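For reference, chains read A, B and C in written order, and residue numbers begin at 1 within each chain.
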């Protein structure tokens, strides 16, 4: 796999895609499909969540099957704060990020003692714990979830307007991607990728491997929490579905389709998956068979995902 | 031999068993600062196990290890490297999917003692010219300069063994633990490795596990003989050559 | 009170033994092929649906169970030969994803064939009444499940511990290369173990069908429990799977029954009624995290 390297061409492409995304709300208004602006926000938020998981799995090599816990924690944090009157995004969103990060530190500190399959399963177990705890709490809405009566207040911007909300989400995603790209090329990013390649050797070179992994895991958790905060705002609800293990699975599917260990893998996967879903659900209610077959095809024939197919992923020879 | 010598490593009565099998049984040996100390012994004697115990890869079941004045008990693998104890592996253990330069750069970077540096998230590594420069210098030292941008997995066996040593060396250790650096090498490559170790011996203390007796007698200042998990003799090459017990237990016809 | 505990303990035993039927196949596949199979729960679901369908058509529960085991076993052979085989050499992420895809496909296929409604599977009439054990009445069907579960557990133990096939399986779980060196046809062994595990899954699905709802998604919740079991027990170990199953079955059942009452003694009714179910439902996950904290390779590591 080697160490991640962004080429100039890739950066230029990213800028063009970004410009296209900025123009999207106007485009939709032009063709009278404004409904899709809200949908696009949802796609970008899922892209952010998938990107955060890609940091953990793709760069850190830690196959976590419990990422939904952090995603959901962020959403519930915003909804619970709103219930108690804290509606400012400047407070609620960092709080959601912080709560998810703290949860990730706790889960990571215990889970990272185990290896391989055991790690996959213990992260799943923690996510299940969070899921059942939240669902059984009547005060947080149980199975129905906790509604968020209105979107967070964001300075002078009116997030109730779908386009404005979309731009805020886009800005956050763009910043996180930029940050991830920096991290991938930084000393920390190189260390974490080398740990993915050969953990024992890194320890024998004097790196405190556990600490590096924990920091990476927690950073991923924190970003998932931020995505969760945005998701609660987008949907107007902190839903238990966000915590469900299927959600963890779907996020994994996204990064595998998009490209594990590629900065843009999460985005590519999320866009592809959700747009396909949107398109196919119209045609057949059984679109999940199609998704399953697509996923099988990717795993069997394109293990580096779409990014790998086009050579966007890692260093090439 | 004088007892006033400056001991860098003192292994006292270390034992290690796997289930019922004793790989190390009350093994003791000491390495003096500045020397090349060879550890020899038949296959399965426990040499690699001792290297694992010294580097912290395996916990021992008894005994003490003092390195440079520090008791190593309960010190993790990476802490020991920070104290100046580095190792190479008998079975090549490198980053096969990284370039040769990245391999060594990663090792050089580990030495930056101030951890803030490796926890640096923002500055692109490609601007770390000091690290990259040092990595190139190390590659030159092990004659791998021409290979810097190849993937490590594509190197020949002998080149990988050199890279293995370079990784250990890059941490600037006080004591270098080399586990059969010449394993699987042809005569020419071995000769080059002996030259490299001779050269390194001027900068760093070395504990060398090796099967090739010619190399051992050429390189070693002192030799310890491990048989069945116990050190049965330690001394100068001449003394070891003449030791009746060693001849019986191990050297036998080989050096007769 | 003791009667309640006793009854719940029997329920726990019954649930634990059924979990064991799933966990046994899962842990062997896991241990021998080093393969995470999330679709194991789907085989359980398919087994339950087949049993319900055939029982209704033929009017015989036993026929239903038999056909379910056979049909699921055949399906498993096809799956193994066509797909899973290609995944053994892949990493865990690829295995998780591919078998996750199988779950999606299986659920949707079941929905197409049987619709989205819950299916009814009735226990045989002869076993619909309760029996008296000691001082209390206990459903006879549940007793049958305990009997069948215990029988299978015993058979499996003899099979794995005492027979030549079992020796290969154990050898395969602890050292694959060695098994191959012994000249055993590992491919065939893998297929056979997989099909056998699937048949046990189907048995569990058919037996639990009358107690739980036969519906799409039934496989996933029990799959996660089965994973908890084998991780607690130590992957690849049949003994670990048995101990883990009983532990999980008992802790979960007793926890749900007793915890709310115990909490009421400690907290206000209001707190207890919201905390009780919450704690009860996470108890086994706490158990698993605690066990992995102390023993990161489970209670009976197969590759010690």
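Keep this in mind: contacts are C-beta pairs under 8 Å (C-beta built on N, C-alpha and C of every residue); 3 or more make two chains touch, one makes a residue touch a chain.
None of the values given here were measured: they were computed from a predicted structure.
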Query raised in the report: By C-alpha centroid distance to the whole-protein centroid, which chain wins?
Result: A
Report summary line: So the chain most remote from chain C by C-alpha centre is B
**Report entry** Whole-Å gap between the CA centroids of chain A and chain C
**Finding:** 32
Query raised in the report: At what distance in angstrom does the C-alpha mean of chain C lie from that of chain B?
Result: 49
Query - Approximate Å spacing (C-alpha centroids) for the pair chain A, chain B - result: 43
Report summary line: Within the complex, chain B is touched by chain A residues 1-3, 182-183, 185-191, 194, 197-198, 200-209, 212, 215, 317
**Report entry** Partner chain A, residues of chain C touching it in the complex
**Finding:** 30, 36, 83, 86-87, 90, 92-94, 96-98, 100-105, 107-109, 111-112, 220, 224, 227-228, 231, 235, 274, 277-278, 281-282, 285-286, 288-289, 292-293, 296-298
Report summary line: chain B residues touching chain A in their complex are 55, 57, 76-78, 81-82, 86-87, 89, 93-99, 102, 106-107, 109-111, 115, 117-126, 128, 151, 167, 170-171
Report task. Provide the residue numbers of chain A that touch chain C in the complex, in ascending order. Result -> 57, 63, 65, 110, 113-118, 120-122, 124-126, 128-129, 132-133, 136-139, 245-246, 249, 252-253, 256, 260, 286, 288-289, 291-293, 295-296, 298-300, 303
